[in-house]
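Look for chain A in each of the two complexes below; its partner is chain B in the first and chain C in the second.
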Partner chain A sequence: MTEITATRTENTRLQRIGAVLRDVMARPSGAIGLTLVVLHLVLAIVSPWIVPYDYKAMDSLQMLKPPSGAHWLGTDHLGRDVLTRTLMGGREALLVTGIATPIAVIWGGFVGIFFGLVGGRLDEVLMRVVDAFLSLPWILKMLVLIVTFGTGIEVLIPTLAFFYGIPVIRIARAATHDVVARDFVSAARARGHGRITIIRRELLPNVLDTLMVEGAMRWSWMLLAFSSLSFLGFGVSPPTPDWGLMIADGRGLMSFAPWGVLAPVVALSSLIIGINLTADALAKALGIDRAQKAPV
Partner chain B sequence: MLRMLLRRLFLGAITVWIVSVIIFAGVEVLPGDACTAFLEREAKGKLLENCREAQGLNRPAVERYIEWASGAVRGDFGVSANGQKSISELVGNRLRNSLLLAICALGVGVPLAIFLGVVTGLRRDKPVDLFFSTAAVFAMTIPEFVSATVLILVFSVWLGWLPGIVLTSAGAPASEFFPEILLPVIVLAMVMTAHILRMVRSSVIEVMAGDYIQMAILKGVPYWRIVFRHALPNALLPAINVVALTIAWLLGGVVVIEVVFNYPGLGRMMIDAISDRDLPVVQAIALIVATVYVGVNLTADLMTMFLNPRLRTHALRGS
Partner chain C sequence: MSALIDIRDVSVGFTGRDGRTREVLRNIDLTVAPGESVGLVGESGSGKSTLAFAAMGYLKRGLRLLGGSAAFNGNDMFARSRQELERIRGGQLALIPQNSGQSLTPTLRIGAQLGEALRLHSALPVGQHGARVIELLSQVRLPDPEGIVARFPHELSGGQQQRVAIAMALAGDPVALLLDEPTTGLDVTTQAHILELLRDIAAERGMAMVYVSHDLGAIARVCDRVVVMYAGEVVLEGPTRQVLRAPAHPYAQGLLASIPRLDDATLPVALDGRPPAPGEAGAGCAFADRCALVQDKCRATRPPLAAVESGERVRCFFADEARRDRGRRKGAAPVRYSRDSAMLTLDDLSISYARPHLIDQLLGRSSDLLPTVDDISITIGKGETLGLVGESGSGKSTILKTIAGLLPPAGGTVAVGDHPLPRLVEQRDPNQLRQIQLIFQNPDDSLNPRHTVADILEQPLKLYYGLSSTDLRARSVQVLERVRLGAHYLDRLPSQLSGGEKQRVAIARAFAADPEIVLCDEVTSALDVSVQAAVMDLLNDLKATQGTTYVFVSHDLAVVRALSDRVAVLYQGRLCEIGQTDHVFSGVSHPYTEVLLGAVLEPDPDTAPTLTADDVVERAPPAQGCPFQRRCPRKVGTICETDTPPWQSNGGDHAIRCHIAREDLA
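Showing the complex of A and B:
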């Protein structure tokens, strides 16, 4: 009997994922967005094998050359192939944000759900601390840590995961508050279930949709932060190719060699827009109104 | 009502206090202090001891926090580690420049966003809505340094219409920042317009679907009257909070734009101070920006409360 119920929930869960995915793909924004995201992910994985040149190979005879048969997107100020560097320029960003986003959503989500359920004095204090953290500009918080501990990914991943988890606390807490007053939570309490069981069995399934959409949004903001840091010279260190760094390098030579800037601009923009369109479609498919989201 | 007001003010003050503790504790916990930063990393022994003695860094942290915080309340943030200049004087001009940038961007962005938001909301799913909604997604998702770079390339390098970099010094009178300030204002206004537009649009759609609007339509009230008298006052209320968040973002998040355009504002000063590890300056800027953030959000909450009759009576009943 129990086994039958278990397989049935398993089935409906898979069916639901399938239905949501179909719904996302049925919307123009979702179809375009998901295609862009998948394309970027595939390129990030396979790019080392398909790029025409070595990303750090300099060629003093081929500096700032416009697009040609040999260099489809031209060369930069050190004679490096722009196409190669653009194709590989998202790897570091996707690696760092790809690890940091789930960590941020998980820790922020759990803290938010827990305090949303427990409430009381401690919850009140925590929310003030969250407010205090949110009132500091992101770039200041991150830069202070990066300048102190260095710019490697072993610093960037925990830093991003920590700071981007804080706003998730608030979202998860608000979503939990919507659920906590419902009858099935009171019933679970009356049955004598502990907090952990209530969180796992009653709250988490109901808050998960919100967290998924939130995670997608955090991912795009994190990418924005990561590339901004690279642009300012606090992220990826040369000669590793990175879009933010390429734009910063190419900016001064924009009047002679606009291709050096435009290629990473298009690459970075298409990835971030892709994520946002996907998140939008996902929110609509799951029935979560995201229009009221603030630009944190 | 008064009790509600006082409660909000009290919570805001508590938040600012926690921020000040986080800022101070953060600088305490991180390796290095003002003296190691000033004397470079190799600083050891007697020199370092003398410096710490002179700066008063040997005293207990709580004592120094109280001194720092009470100074900050009076607007005195001490002196910078590099050059020993008064931080209040250094920050003053920069804060004014950032405010100038923010006010110009708001002046352009808010009316434009409300206008476009109402138009797209009323013409939902029509070509005009699809065009501006798509444009808004682009404007708000593309990183600011990317849109700034593209705009410089187009308007400054290719067309030569606007200067692509700010060369005016920090202390110059506000009028001298024109026309150099125009491109940064356009970039900021673009992002802001996109955020507020989306909010206004969805809120107009929601309000227009309400029963009382349907009622007014059925009663034969002229369309423009429905829009301006019945729908907009309700639809624009939630926009206040988004505008507040945008103002807060403007003061903190414009760092990248100020760097791109070489604009002498608070954001660029912050980056320079962090790179130089000039901790007293970093602390001061962090506290100022956080206070503005809390203040602006508080104002928005109170404004929404005063303007919304439902919340008003609710607050009255509460007190």
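Showing the complex of A and C:
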């Protein structure tokens, strides 16, 4: 047998992460998406030090002014600087969703892998419960919890994490089913490896990719949900700047002061589009067919 | 006569990430006359399917036509509009794909699918469609066409689905059929029946066929002319008899030598090396690196596809030498062991997949379903290889799973030496686990894609021997060398290996445990023939050096013949015949064995399969009597339906389970 003389490849974990990142950046969707996401994250972190005005400083003489040299994006109905509030308006949303997303993926992932492994009748019954849960409109479920426990980060984070972990169960379970049916799992069983070793060595590396992509998707859905709650007045309370809140405030004045709505809308959309594009490129780089695994 | 399909100087390629264009097909010329049947053969990646699709004017996504033209019936297929192509494809030029079960719409009844094909591709008024559908179904020799019309694809067997796919292709009254591996994945008997059908239909209708296959046996049966492809080029083209009898190209020579033969008990000769990847072939002959006759000239210039006196076209400078070279290659004799002490004993083993219904479980009723595998008693000697053969669904793999402890038996025991094994793998002790190792059919599925070769090999070493990390690496290298791979493979991922290399790693993993018994589940069937030969050679070698006992499951009788000391024939999970390989494959045999042997296709145009039983696939074994009673061509009478046939022995270890007297079975 002639041996192929390819260059020695190391295939360490670090190299794989590097290779995937390079692959994501090499795709137009990945390059644009990742740039948008990173830009938003950096702005959210540094905005308190770079904004031109105090976000809660009102100015009764400068109400609803169009964009100008002093106020690049104009002012709102209380005379607050829209640029300042837009730059800072994502901080709360990113903080809440940034904590809630990993929690959702981890708990949903664990439960899903467990269901996928157990299989059989228990799995069938539990999945129907999950389906029943998914069939309810999300906003209804969240409002019930918020009305019961009140608003605030300490309620929003667990609420979002809980509800957005449920669709992750489905995905993790499906991914587990795919892997468990493959011969390398049978091979490990036949060799006599323990259950924990099989999960850790054979299963997890193959399921984690799917969960990563799913996590990115959940993140963008969660941002949208958080902003919607703020829009309805159940998320961030004024005067803290928030995109959802700003859209709600400026909505009535849209016909003669569109800048008050346009700025937060552009900010929120660009972040969500950025996350989606990144997730898409990531899925392709990892070789996951996302079309099949699209959430409900 | 003008050509029906006329492919001229076609080159097809793709542009990689690095911007380089790599050619998948290089300057192909191919003509097919009306009514002619042409076979395209080659290993995977040789471009044979791409060429067949190019004849339809279709290229897979990412591929581009780099030059040349493909004409069908005077239409330049790459210059036509989509509407025109849609009219031609499926009408005059029809395709029969590899996996017809997947190409039929699962939610449409067979009648509706065929009706749709008629609506799109025939001028027949809608009122006559029903009658035409029945006619088409009977043309493909489906029994009870009126009944089939109302069925869904999943209610049909693989062979029946393939017949429906053929009927669909015939709906538009094609003048040419393209067949892409149409019988791959079907059982031997079904394959033989489908090929006979295709031959008949092509002859009746005067249809041309382009038959793409890696199986020279099938090609020999169906094709008038063979085109051998290698690395995107035609290397040999000529009448089937000449190409298969006296191949004038060293590659075709090697390909033929690597096919195991039923009438030859020696191991096939492996073709070393692997073909260049697209764009990798140098200035010279693409086959130069693997060729035994290579000269400096071959590496410097690419040989032209030149006509030789005997009528073929050959891409080789040394066609005459290549032809003479034949006969010098001789396969190694397989290692044979005689039975002395028993290594593995299966005693009255029965296995059941059926789980009792919930209500039956609650009421404590026992299920009346028959076990999938029943009444299996076999003793395998130390160092012996037992071949298990039978069609799909015969329970071959199920038995292996039960021996490995992955599936608990419903009754009976598995014993190693004198010690019965616990039913399930979780109950076995480390030494019992180490003794038995399993190799799977498809290495893509049995190797974790996220583990490097080192990770893969270290698992059994750590588990059974508890080696430290420095010892692990050194031992892994030894294990790899045993399967003729070098240390530099350790850090590769499975995706960076070829199919044959992957299977070697899987074999290395099994042998890392120094097992006494290795269970091989169709280990060569996912591989190209030349690679298959190398893997067979390796298994034979390991048997000689390690004294391993194999249980070798395969649907390929020729592979089993070359590797096994003894063979057991299974039908519907019941033993029909067991004995020494030579006894089973020649002389007196069970009617089912006879059917199986008759359906085997040899890569020789002068042999024809003998088809005695029909190819109906049974879903469940009969409740009593002989398991083969419903299909048996030599059924005696009601005794076959009521009484379990007796074992008839030749006094030695060859035994047949049949009601017919042994003397009359010859």
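Here is the rule we use: the second predicted complex is superposed on the first by the 277 of 296 C-alpha atoms of A that agree within 3 Å, B and C clash if a C-alpha of one lies under 4 Å from a C-alpha of the other, contacts with A are read in each partner's own complex, and residues count from 1 in each chain.
Convention: contacts are C-beta pairs under 8 Å (C-beta built on N, C-alpha and C of every residue); 3 or more make two chains touch, one makes a residue touch a chain.
Just so we're clear, the structure is a prediction, and the values are computed from it rather than from any experiment.
Participant: Taking the superposition on A as described, I'd like to know which of chain B and chain C A:273 touches: first, second, both or neither.
Facilitator: Touch partner of A:273: chain B, not chain C.
Participant: A:228 in the overlay: touching chain B, chain C, both, or neither? Say first, second, both or neither.
Facilitator: Once the two structures are laid over each other on A, A:228 reaches chain B alone.
Participant: Tell me which of chain B and chain C touches more residues of chain A.
Facilitator: B
Participant: By the touch definition at the top of the document, which applies to A:205: first (chain B), second (chain C), both, or neither?
Facilitator: Only chain C; A:205 stays clear of chain B.
Participant: Going by the contact rule set out at the top, does A:189 touch chain B (first), chain C (second), both, or neither?
Facilitator: Once the two structures are laid over each other on A, A:189 reaches chain C alone.
Participant: Thinking of the overlay built on chain A, is A:148 touched by chain B (first), by chain C (second), by both, or by neither?
Facilitator: Only chain B is touched by A:148; chain C is not.
Participant: Taking the superposition on A as described, I'd like to know which of chain B and chain C A:133 touches: first, second, both or neither.
Facilitator: First partner only, chain B.
Participant: Show which residues of chain C lie in contact with chain A when the two form their complex.
Facilitator: 17, 272-274, 289-290, 404-406, 425-426, 428, 430, 433, 436-438, 440-442, 445-452, 459-460, 463, 484-486, 488, 491-493, 496, 498, 500, 509, 513, 534
Participant: Would you mind writing out the residues of chain A in touch with chain C in their complex?
Facilitator: For chain A paired with chain C, touching residues are 1-4, 6, 8-11, 26, 182-184, 186-193, 201-202, 205-206.
Participant: Enumerate the contact residues on chain B facing chain A in the complex.
Facilitator: Checking each residue of chain B against chain A gives 11, 14-16, 18-19, 22-23, 26, 30-32, 137-138, 140-146, 149-150, 152-153, 157, 191, 195, 198-199, 201-203, 238, 241-242, 245-246, 248-249, 251-253, 255-256, 259, 270-271, 274-275, 277, 282, 285-286, 289-290, 293-294.
Participant: Going by the contact rule set out above, which residues of chain A touch chain B in the complex?
Facilitator: Contact set of chain A toward chain B: 128-129, 131-140, 143-145, 147-148, 220, 224, 227-228, 231-232, 244, 247, 251, 254-255, 258, 261-262, 265, 268-269, 272-273, 275-277, 280, 289, 291-292, 294-296.
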